[in-house]
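Here it is: the structure, laid out below.
Chains: A, B and C, in written order; residue numbering restarts at 1 for each.
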Amino acid sequence: MGIYIMKRMLITLPLLLAVSFLTFVLISFSPMEPAEVVLRAQEVPVITEELIEQTNEKLGFNKPFIVQYFHWLIACLQLDFGQSYVKNAPVWSLMGPAFMNTFKLTVISSFVIIAFSVLFGVLCALNERTAVDRLLRALLFGFTAVPAYWLGAIFIFVFSVKLDLLPTSGMDGAKSYILPVTVIALGYIGLYFRNIRSAMLNNLNEDYVLYGRASGLPENKITMHILRNSLQVAISIFCMAIPIILGGTVVIENVFAWPGLGSLSISAILSRDFPVIQAYVLIVAVAFVVFNMMSDILNATFNPRIRDGN
Amino acid sequence: MIKNYIKRKYTIYLLFKQIMIITSMDKFHLIHIKCSDPPINMKVPKNIEQRERAILLKKVYCIIFVVCISSILVACTTTKEESSEIADELVYATVKDINDMNPHLYPGSMSAQGMVYESLVENTEKGIKPLLAEDWDISEDGTVYTFHLRKGVTFHDGEPFNADAVKQNMEAVQNNKEKHAWIKLSTKIVSVDVVDEHTVKLTLSEAYYPTLDELAMTRPYVFLSPKDFENGETKDGINGFHGTGPYQLAEHKVDQYAIFEANENYWAGAPKIKKITAKVLPAGETTLLALQKGEVNFIFTDDRGADSINMEGMEQLVQSGDYQLMRSKQMNTKMIVANSGNGVSPVSEKSVREAIWFAIDRETISRDIFYGSEEVAHTLFSPNINYANVALKERSYDMERAKELLEAAGWTVDTEGAVREKNGKKLSMKLYYDNNSPSQKAQSELIQHSLSMIGMELELVGEESTSIANRRSTGEYDLLFNQTWGLAYDPQSTVAAFTSEASYLHATKGIPNTEEFYQNIDSVLVSTDEENRKALYKDILTTVHDEAIFIPITNGNVTVIAPKNLQGISFKQTQYELPFEQMYFE
Amino acid sequence: MNVLKNLSQDKLGITSLIFIVVLTFVGIFAPLIAPNDPIAVNMQLRYASPSWEYLLGNDHLGRCILSRMLYGIQPSVLWVFVALAASVSIGAIVGFIAGYFRGNVDAVIMRICDVMLSFPVYVIAIAIVAILGVGLGNILIAFVLMKWAWFARIIRTSVMQYVELDYVKYAQAIGMSHPSIIVKHILPVTFSDIAVVASSSMGSMILQISGLSFLGLGIKAPNAEWGMMLSEAREVMFTRPELMIAPGVAIVMVVLAFNFLSDSLQVALHPQLRQSNQSQQKLKWFKAPAQHEKEVVK
């Protein structure tokens, strides 16, 4: 087990390096000169050619590309993403809280997704090919085709305006989680519950169930086995859902005015705040890689077949 | 027996699996459910299956129920409940965070800074009035201003407001001179001297008539507790936000809210509204809804002249009976700034700018977009502004005229409806608008359509106001939405801004004889002779009008939506602040 | 034409296919079909209710909503299809190279795919919009840049399975050139897999791209696109909620049609699965790219 984890982590390192390099390359295409970005951030009123040259000299922007990259990487490792030139604050001081807000939304959504995927998956599996099964599948399948922002707007209209039950937007109190979490969950439950359903169906028909019954094992023990095996699927879904949702909350955050990474990045685009955009791309990509790694490790923990295969 | 049976079954299963993998789409399924590694289906006899299912079902339901409930509980307990009832306090919606509250820099929200910080004098309808200075003397030659400060004023942190504090603040501002170049006063101040505890002497290099007007501005000549200074300076950040104003900043959560509490020791008496919250909400319907639901109870036209909800929404709120709508008198002119200094763009041609001017249907904008709340503007400053009563030729909506101008300037088109060209260059420009202003968006779409009728292509780019301000100062634009700076600033500061890199320098660069034009602006501000000043202003205003640099659209005002029982709502001479301290609930 | 025959037995599938084909035609011939000019502003008709001349009413600038919906098919659906086709083609070429030749080429390509797949597509779209500016074209570029890696990976797996088959080995043994083996023996058998993979991505891509347009990063005014129409409608969501209906329903219907079609296509292309009693739900996978690619890494 330990070896597997080590291996998996070692694979992740070069990947992270490559991801950061790509981010750096990508943003270096931005129309702004890095020196100009720095000077803007310092609110220098008149930016002259000489000033740019001086800054280039001072901060090493005229060094070879690869040297610049390592300078930048080292700074990033110390959470120094530079200065936002719109907010007059270090980028990290903006990214940190925003990341936490997005993360909270993501984790809670993932919990809800997993809970309901299991609920619906088991429900459908146990009622295979009955009206319940068909209805639920059709309904959840339908929801995967609904644009999240549209659904969000409809929910706000119904639950906040007409019924006046929930806050419209923002992030204060548990109540404000309900609508965004529901909208996110509805988009993904339809995808994930199928896995649970087929896992359950397969398990119900597995040899060990047959064998267990045949050898007179108590029913509750068999049930436990089935559930345990199906929950493995659930756990792996949970791990995989986190990074996917993390990278896709932009629209939801916009609809519900959630003060997270997505909102921050959109406002950064609209105010051409390149240091923030660069940090955003890097942070989400790194989180994506790290969570994928964690999900693999967790999967391996619960399912020895995977690590044996390696 | 049984073991053998199972073994045999398992071998068959393995065999089947191989075949499946090779011949079918099953691999995708494997990929999809990575850990369950599903075998092919083998049916268990029906009767066992059904009985077991019933038992299983119950158990599974129980477990799932517990999981769901507990996950919801976990979610709920992690965050605290908050009531949305508002009583005796104001919660106003703002599309942007209040940002850096340093009063000597520019990123912060002006309305928030206006609550916390105060200046020496105040610009009112009846002229300059005392604020932190009770009285002042001006020397004969107009170069020395002696201010007698109000006694017994303290900063929010308890520090006394005295001549030393004034000197330190003024010097901190002057030490960052380049940033304040748009205020000509910053280039005229020679020294700030402490005469005694409550007397300060301000010495200028030459007489400068708008001195008091500029000292009355929301920033930068306002006062921060010297204890908040960092190394005796304010330009590289400060340690606290303690002013002398009626409100102090109590809590600030970036991009969520900022809470201001009444300053109980305020020199003019503690304000009646004890708490004001600035809540960040996206513009448009979200804000409207939040008002309807009482999550916020106050909105007003923001720093950049953007109304976050449209007129129709405002009407609806007023009709609901809970809100009142207050409009200030005409405050400024909303306009499109044409970057005459942008040499590569067609906008550097006077005839193109004039054609745009003629092609804008102001009547429709005023009637259908502003529902008549804003009047049509034909000049940069409306004639009731000081020195602005100048006879200028009116350019009303006239599409034919616009086409003629373009034809005459050599912008031709072969087929009707196509984009005009001249020497292979397309008549295409970009118009930047504030993405938080629904009305600017609607106007730009309307203008885009009108211009397409005369063969001009307009690309619309919605950006945040900071980015637009940035473009204005770097000159990276063709056209952008803007507004004059308001009664307290017009015309002197707006005109002074024609020469300022941070403001309209790029826009005015394309004027022929710029030297003379800028010279006129410099001399008008230091001129001591009233007649001379009038003549110079006439010259300046005629030039920018003839050159069609600032294309006026409507005359804007400050709009407030407030609870019906809020009294004492009034306006200042500036669109950037509201006198919250005078408001109270009945 | 077995596929079509199989498909025709699936009512939902054939309905979806017909819907998509009709929609495509309407989209292409929108200028001939649309009753009005989609960008003609008429402030007198601001927010006018449906009338015989304007069947779906008018928007905030008095433009014909129906005409805008019809013109909106092109950017909302057809251009997305073009982007999908582009990324599938790139993915197929790369996937074939990796899966057929294996070895170092394969290793390098797969590592590149790993890196590409480490970026959520939204994030890259945002970065590209930040650099190149707002515009539908830029978003489509972002999607092509990112999505090919996923297709490459899946197609590679598919190819690898066929390369091992005897007749391919035989072809190699008798000295057929690699390109002709690929074209003659592997492409036809993997083609069905490619079709399924592509069709299953279409729905999610339409949703994602319209989402970016909704955020104001996509198509520019005055052109019509469904996501942007929804974002315009959202500005008056509470005063005029009816404006949200047309574009929203259109997106849902198109995405559903593509999802149904994708499911039916899988069954149609692999009729042997029809017998398997679980084939239906087994094969109903789509979307959630990160999930599919994972097993293949190992």
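In this text, a contact is a pair of C-beta atoms (placed from the backbone, for glycine too) under 8 Å apart; a residue touches a chain by one contact, two chains touch by 3 or more.
As the structure is a computational prediction, the values presented were derived from the model and not from experiment.
S.K.: Can you tell me which chain pair comes out on top for contact count?
M.R.: A-B
S.K.: Going by the average position of its CA atoms, which chain sits the greatest distance from chain B?
M.R.: Comparing chain centres, C lies farthest from chain B.
S.K.: Express in whole angstrom the distance between the two chain centres, defined as the mean CA positions of chain A and chain B.
M.R.: Once rounded, the distance between the two centres reads 32 Å.
S.K.: Roughly how far is chain B from chain C, going centre to centre by Cα mean, in whole Å?
M.R.: 39
S.K.: Quick one: report the Å distance separating chain A from chain C, using the average Cα coordinate of each chain.
M.R.: About 22 Å separates the centre of chain A from that of chain C.
S.K.: Specify, in ascending order, the residues of chain B that touch 2 or more different other chains.
M.R.: Where chain B meets two or more other chains at a single residue, that happens at 29, 32, 34, 38, 41, 289, 292, 435, 462.
S.K.: Send over the residues of chain C in touch with two or more other chains.
M.R.: Within chain C, residues 216, 234, 237-238, 278, 282, 285, 291, 294 contact more than one other chain.
S.K.: What positions in chain A touch 2 or more of the other chains?
M.R.: Those would be 156, 161, 198, 201, 254, 270, 272, 306.
S.K.: Tell me, which parts of chain A touch chain C in their complex?
M.R.: 15, 18-19, 22-23, 26-27, 29-31, 137, 141-142, 144-150, 153-154, 156-157, 161, 188, 191-192, 194, 197-198, 201, 240, 243-244, 246-248, 250-251, 254, 265-266, 268-270, 272, 274, 277, 280-281, 284-285, 288-289, 292, 296, 306, 309-310
S.K.: Along chain A, where are the residues that touch chain B in the complex?
M.R.: Result: residues 40, 43-46, 86-89, 93-94, 97-98, 104, 108, 111-112, 115-116, 118-119, 122, 126, 156, 160-161, 164, 167-175, 177, 181, 195, 198-199, 201-207, 209-211, 213-215, 219-220, 222-223, 226-227, 229-230, 232-233, 236, 254, 257, 259, 263-264, 267, 270-272, 299, 302-303, 305-306 of chain A touch chain B.
S.K.: Along chain C, where are the residues that touch chain A in the complex?
M.R.: The touching residues are 111, 114-115, 118-124, 126-131, 203, 207, 210-211, 214-217, 227, 230-231, 234, 237-238, 241, 244, 248, 251-252, 255-256, 259, 278, 281-282, 284-288, 290-291, 294, 298.
S.K.: Give every residue of chain B touching chain A within the complex, in rising order.
M.R.: 2, 6, 9-10, 13, 29, 32-39, 41-44, 48-49, 52-53, 55-57, 59-60, 63-64, 67-68, 71-72, 74-82, 84, 97, 99-100, 102, 105-107, 178-179, 181, 254-256, 279-282, 286, 289-290, 292-293, 295, 435, 462-464, 466-467, 470, 473, 501-502
S.K.: Residues of chain C touching chain B in their complex?
M.R.: 39-41, 43, 46, 60-61, 133-134, 154, 157-158, 161, 165, 193, 196, 216, 220-222, 234-239, 266, 270, 272-273, 276-278, 282-283, 285, 291-296
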